[in-house]
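Look at the two complexes coming up: subunit A is in both, with subunit B in one and subunit C in the other.
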Partner chain A sequence: MSPKKKSAATLFSEYAVVIIFLVITVAAISPSGLSLKYIIQELITRLGRNSFLVIALLLPIYSGMGLNFAMSLGAMAGQIGLIFAVDWSVAGWQGLVFALLIGLPIAVFLGWICGKVMNKAKGREMVTGYILAFFINGIYQFFVLYMMGSVIPMRNASIILSRGYGIRNTLNLESVRQSLDTIFMMKLGGFDVPVVTLIIIALLCVFIVWFKKTKLGQDMRAVGQDMAVAEAAGIPVEKTRIVAIIISTVLACAGQLIFLQNMGNLATYNAHDQTSFFAAAAILVGGASVTHASIPNVFIGVILLHAMFIVSPLAGQNLFGSAMVGEYFRQFIGYGVIALSLVLYAWKSRKAIFNSRSDLRGGAAAKGKDEGGQA
Partner chain B sequence: MRNLKTFIQEFGWPRIIIFLFLVSLFVLAPFVGVRLDASFSDVLNRFGQYAILVLALVPMIQSGCGLNFGLALGIVAGLLGATISLQLELRGFWGFFGAIAFATPFSVIFGYFYGKLLNKVKGEEMTIAMYVGFSFVMLMCIMWLVLPFNNPTMVWGYAGKGLRTTITVEGYWLKILNEFLAIKIGRFFVFPTGLLLFVGACAFGMWVFLRTRIGTAMTAVGSNPDFARASGVSADKMRTTSVVLSTFLGAVGIIVYQQSFGFIQLYTAPSPMVFPAVAAILIGGASVNKASMINVLVGTFLFQGLLTMTPSVINSILQTDMSEVIRIIVSNGMILYALTRKVKVSK
Partner chain C sequence: MKAISFRNRSFVVRSILVLVYIAVIVIMLMTGKRHTILIDNKDSEDGSILAIDGMSIQIDNQEAWEYYPGDRDKAVVQGQRHKVRVEILADGKIVETAFRVPLNQDMVLLEVPKLLAGVEPYLRPFTVLQEQASAPAVDTPQSIQFGGDAVVPPDGSPDAPPAPVLVQ
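The block that comes next holds the complex of A and B.
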C-alpha cells in the first residue's frame, strides 16, 4: 500500500488512540471548571516530572522487546539511593546526585538480570517484565523493610519504623524537595518553568537521537526488526537486548529521582508500583505502538495523558457528583489505552502476516498458471 | 537413579523446594507452639476457598490461550451475581445458587466478547488479557458507584448510594458450603465437607468435560492447531468456548470464595486476586500450555498451605511478619519460572 493512498479509515486506525484521547480530554475541560492557566501550569510541572521516565521506554521498543514493564526495577534502585541520601542527610541537588550514584550500580545489576530473564522469554517480554517487576518488588520490600536498620546500619533514626528496623511507609524528602527544579526556576509569561529539569530532559533527547545513529543503536534496530536476520549478520542479539534493557533501567532510575524530587515525598513501598503503567500509557497515548516510538510520541503522550489526569477528577465530581468516578475513570482510560494499543498492534501484525501469506499463495498460483500456459 | 533425575527435571526445582519448605513448616509448627490441627483446618478451608478460581485457568491453558491473566472478568461477573443475590435478599442455598445463576449470563457475555478479542490477538494473549482485565475492573469501579443497588447492608450509610468496598454476606449465605455436613473433631479442627465436595464435583466435572468430544477438540486446538484444523475443528470457536468456560468458573470461584471468606470485595479487589491463582496452578506443575486436575489440586494445596503456614510459623520463630514478602516472592517467582521455561510442546 503506498503512503499516498491512505484512506481516512486507515489514518484513523493508526491514530485512533490519540484521537479518542484528544476528544475525551477536550470534552472534559469545561465540566472540570479549571482555568486554562492552571491546566497549563500543571502541564509544565508534569512535563518536567514525567518525561524522563517515559523516554526510558524508547530503547527496548527499538530493540523489539515491547514496552518495558520492568522499568520499575530502575525506579526501585533510585528509591534505594534516595533512602540513603536522606539517611546520610545529603541535601539539595547534591543529594540527588548522591542518590543517583548509589542507585546506578543497582540499576545496572537489576537491568542485567532483567535482560537475562527476557532473553529466556523471547516473544513474551512484556508479560514477563510485568511479573519480574512484581518479583523484584518482593525482594525490594525484603531489603527495605527487614534489612535496613537491622543488617544495614542506618544513621537517621527518624526514617526508621518504631519497631527498630525497616524504613517508614512515607519518607519526607524535604531535604531534596524540588532541588533540581528550583536551581533555576524561570518565570515565563506568568508560568513557573523548571529550566534545569527541562534542559536535562532535552539533553537526554539529544542522547537518544545520537545513540540511534551509533553502531549499537543500529544493531538494536536490526535486532528489533528480525532477530534471526540480525544473528545471521553477526550482531550479538542477546547481548544487544541486555544492553537495551540496562540503559532503560538506568534511565528509569534517574527518571524516578526526577519524579520524586518534584513530588517531595516517597511512598517507600508503592511509589514504584505504577511507574511503568503511567509511562507506558503516556507513550501509547502519544501515538507510539509496541514496535514504533519516537521522541515526539513521548511529549505528545505526556501532555495528553496528564491533561486528562488533571481534569478528570473534577469533571467526575461535577458531572457525577463524585470525585471517585473521575479517579476511576482516569485509571480505566489509562489501562484501557494500553489494552487498546496492544490489541490494535497484535491485530495489525496478524493481518500483515495473513496478507503476506496470501500474497505468497497468490504469487505461487499465478506462477503455476504461467508455466502451464507455456507447456 | 535416572528415574529420580527425570522426575526432578519434569517436576522442576522450584516446586520441590516449595514442597520441602511446606513440609518443614508443618514439622516445625508444634515446636514453636502452633497447633497442627488448627493449621490443617485452615489449610483445608483456604484450599477449598481458592480451588475453583485455580480450576478456572485450566480450559484456557488447554486451548492454547495461555495463563488467563484476565480472570478478573470472571471475578467481576461473580461479584455482579453476588450483589444481585444480596439485593434480592436471597438467603441460604437459594442465595448461594442464586448468585451463581445471576452471574452466569454476565460471565457468558463477558467471556464471549473477551474470547472473540483474544482470537484476534493470538500470540499476545497474556499481556493483553492482563490489561483488558485491569481496565474492565476500573470500568466496573465506576459501575459499583452508579448502579442502582439500595439494600442498606450494601450501600454507603451516609450517601445512601454507591456500594461499599466490602460487603458482608453474614445473614445471607455465610459459610453455606463450609458448614454443610461439616465434621468437627476436637476444638480446633473442622473438616469443611460441603466446600470440598463442591470443589471435588467441579474438578470432576472438568475432568469429564476434558474427555468429551468438545474437551478433546479444545485440547487438540491448544497442542496442535494445524492438526486440529485438518480434522475439522474450528480453532476460534474452541478457544472462545474455553474462554467462556474459564470466565464462568471464575465467577463461580469468587462466589465460593466469598461464602467462605465472609465478604464480597468490590472495586479494585478483583485485579490482585488473579495472580495467586496463576501462581497456584504453576506450583502444581502446570506449564503455560498444559494443565491437569492434579496440577490444580496439588498446586492450590501447596500454595495455600504455604500462605497459611508461613505467617504463623515464621512469625513465631523470627517474631516478625514476613509472610507478605514471602508470598510476593514465591508467587511471582513461580510465574516467572513458568514464563521463562522453554516450551516443549511446539505451538
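The block that comes next holds the complex of A and C.
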C-alpha cells in the first residue's frame, strides 16, 4: 500500500462520520426542494438554539469521561426554573435569568451527585450517566407531577392539571418566547441573526478556551489522558472529574433555557429526554470522538446535523411520498451516528492496543535476536 | 488567630455572594413580573362618577386606544411602576399619572373615571376565577425524538405508521 493511499484511508477512518453525513445531507438538499436561503436561515436559528447545549459536552470529554449523557440532569434543572418563572409570570429576558438562577443550585447539586456516582464507575461513565439520567428523570417526574401544586404552592392555576396538582403536559412559554433572541435581532444579508444569543455562545467559547489554559483546565486534560499518572502527579482526580461534570450540568441547564426560549413551549415531561442524545450526535457528527473534541467540532456538528434535520423530512416526502420516511431516516441517522462513532472508537482503541502489543513483541523478538547474535 | 480571621472573611464573602444571588432573583422578579391592567370606563357603582364619553388611553409606551362609556380593555405590562396618559377627546385635556402595581397582584382594575375625578382608590386588585384555560394536553411525539424541533410537513398518506419511540 502506498503512503498516499494509506493517508487517504486514515483520513476517511478519522472523519468517516463527517464525510458520510456531509454526503447524505448534500444529496438530500435537491430532493427536498427547499431554497438555500431558507436552509441558511433555519441553520442560523438552530445554531443559536442548540450550540450552547453541545458545548456543554466539551469539558467531560476533556476530562476523559466521554459523552456526558447525564447532561439531561441540567436540562431538568433548567426546566424546573422555567416552570417557576411561568408560575410567577416573570416575562422577558428577566424570566430567563430568573429561571437560570432558580435552576442553577439544582444543576450544581445534580452535577455533584452525578460526579460522585461516575467516580464509582470509572471507565463506564457514559452508560452510568445514561442510566443515572433515567433515575433522576423519575425524581423529576415525581417532583413536577405530584409535588408541584400539592406540597409546593403554585400561583398560576392555568399551568396546573385539572385535578389540582401537577404541571400540565405542555406549557406555553409565550412570556419568555424568543426573549433572548429578539433583544437584538440583526438583519444581515437578508437573514435574521439573533445577535445576543450568538454573543453568549461566543463568550462561552472564549470561556472554554480560557478555562483550558487554567490550572483546573490543565488538570482536567491530565486526568483525561491518564488518571493514574495524574494521581501520581498530585492532581485530585476525583474532585477534578466532579468539577467537570458540575460545569457541564450547569451549562446544560443554561443551554436548555436558551433552547426552550427559542422553541416557545415546554413539553414538561419529555423535553429533556433527548437533550443529551441530540448534543452527543451533534458533536460526533462534527468530527469529535469520545476522547477528543474541540469547539469547531461543535459548530460543524450542529450545522451538519441540523441541515439534515431540515431537509430530510421534505426529501423523504418528495422521494417516497411520505414525510414519515424522512422522519425514520432522521432517527436512523441520529442514533446510527452515535453507534457508528462508538464502534469506530472501540475499533481504534483495540487497534491501538494491538499495534502497541505487536511493537512490544517485535521489539522483544528483535532484542532477543540481538542478544542471541551477540552470544 | 490568622486562620480564624481568614475563615471568618471567607464566610463573610460567601454570605455576601449568597445575598447578592438572592437580590438578583428578587430584582428579576420585580422587574420581569407581568401584570394585567384592566382599563375600565364605566360609571361608578353608586353612580356618583360617570363614564367618560370618548377618551384615548395609553399605558407606558404601548399603543393608545380610544374608550367610550362601558368599554373595558386590558393592557399587559411588565414591572411594577407604570404611567398612564389619558386624553379627553372632547376638549383635548391630557392627564398623566404614574401608579404602582403590587408585586403579588396579577391583575388590577384601573377605573379611569375615578382617576380623572381624583377619587382614590382608582386602582384596585382584580381577581378572576382562573380556569384551566391553557391549551389542552396534546401528545408531542416529536419532542422525544431526534430533531423534534424540525419542521415536519403534513403527511398526506393516512395509513402512515407513527414514528417509533426508540428510547423510552
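The working rule: the second predicted complex is superposed on the first by the 369 of 375 C-alpha atoms of A that agree within 3 Å, B and C clash if a C-alpha of one lies under 4 Å from a C-alpha of the other, contacts with A are read in each partner's own complex, and residues count from 1 in each chain.
Throughout what follows, contacts are C-beta pairs under 8 Å (C-beta built on N, C-alpha and C of every residue); 3 or more make two chains touch, one makes a residue touch a chain.
Quick caveat, the model's predicted, so the values are computed rather than measured.
Chemist: Of the partners subunit B and subunit C, which touch A:R124 in the superposed model: first, second, both, neither?
Modeler: After superposing on A, A:R124 lies in contact with subunit B but is clear of subunit C.
Chemist: Which partner does A:A91 reach: the first (subunit B), the second (subunit C), both, or neither?
Modeler: Second partner only, subunit C.
Chemist: Which holds for A:F142: it touches subunit B only (first), subunit C only (second), both, or neither?
Modeler: First partner only.
Chemist: Check whether A:Q274 is in contact with subunit B, with subunit C, with both or with neither, and answer first, second, both or neither.
Modeler: In the superposed model, A:Q274 contacts subunit C only, not subunit B.
Chemist: Quick check on the superposed pair: does A:D192 touch subunit B, subunit C, both, or neither? Answer first, second, both or neither.
Modeler: Neither subunit B nor subunit C is touched by A:D192.
Chemist: So, A:S322: does it touch subunit B (first), subunit C (second), both, or neither?
Modeler: So A:S322 meets both subunit B and subunit C here.
Chemist: Is A:A339 in contact with subunit B, with subunit C, with both, or with neither (first, second, both, neither)?
Modeler: first
Chemist: Looking at the overlay, what does A:W347 touch: subunit B (first), subunit C (second), both, or neither?
Modeler: It touches subunit B, and subunit C stays clear.
Chemist: Quick one: is A:Q331 in contact with subunit B, with subunit C, with both, or with neither? Answer first, second, both or neither.
Modeler: In the superposition, A:Q331 contacts both subunit B and subunit C.
Chemist: More subunit A residues touched by subunit B or by subunit C?
Modeler: C
Chemist: Using the superposition described at the top, list the residues of subunit A that contact subunit B and also contact subunit C.
Modeler: Comparing the two interfaces on subunit A, one with subunit B and one with subunit C, the shared residues are 322, 324, 328, 331, 334-335.
Chemist: Which residues of subunit C touch subunit A once you look at their complex with the stated criterion?
Modeler: Residues in contact with subunit A: 21, 24-25, 28-29, 31-35, 78, 106, 130-135, 137-138, 140, 143-157, 160-161, 163-164, 166-167.
Chemist: Can you name the residues of subunit A that touch subunit B in the complex?
Modeler: Checking each residue of subunit A against subunit B gives 66, 117, 120-121, 123-124, 126-128, 130-132, 134-135, 137-139, 141-142, 145-146, 320, 322, 324-325, 328-329, 331-332, 334-336, 338-339, 342-343, 345-347, 350.
Chemist: Which part of subunit B faces subunit A closely enough to touch in the complex?
Modeler: Going through subunit B, the ones touching subunit A are 69, 117, 120-124, 126-128, 130-132, 134-135, 138-139, 141-142, 145-146, 162, 275, 320, 322, 324-326, 328-329, 332-333, 335-336, 339-342.
Chemist: In their complex, what parts of subunit A are in touch with subunit C?
Modeler: Residues of subunit A touching subunit C: 42, 46, 49, 88-95, 97-98, 101-102, 155-160, 162, 168-172, 175, 263, 267, 270-271, 273-274, 277-278, 281, 305-306, 308-310, 312-314, 317, 321-324, 326-328, 330-331, 333-335.
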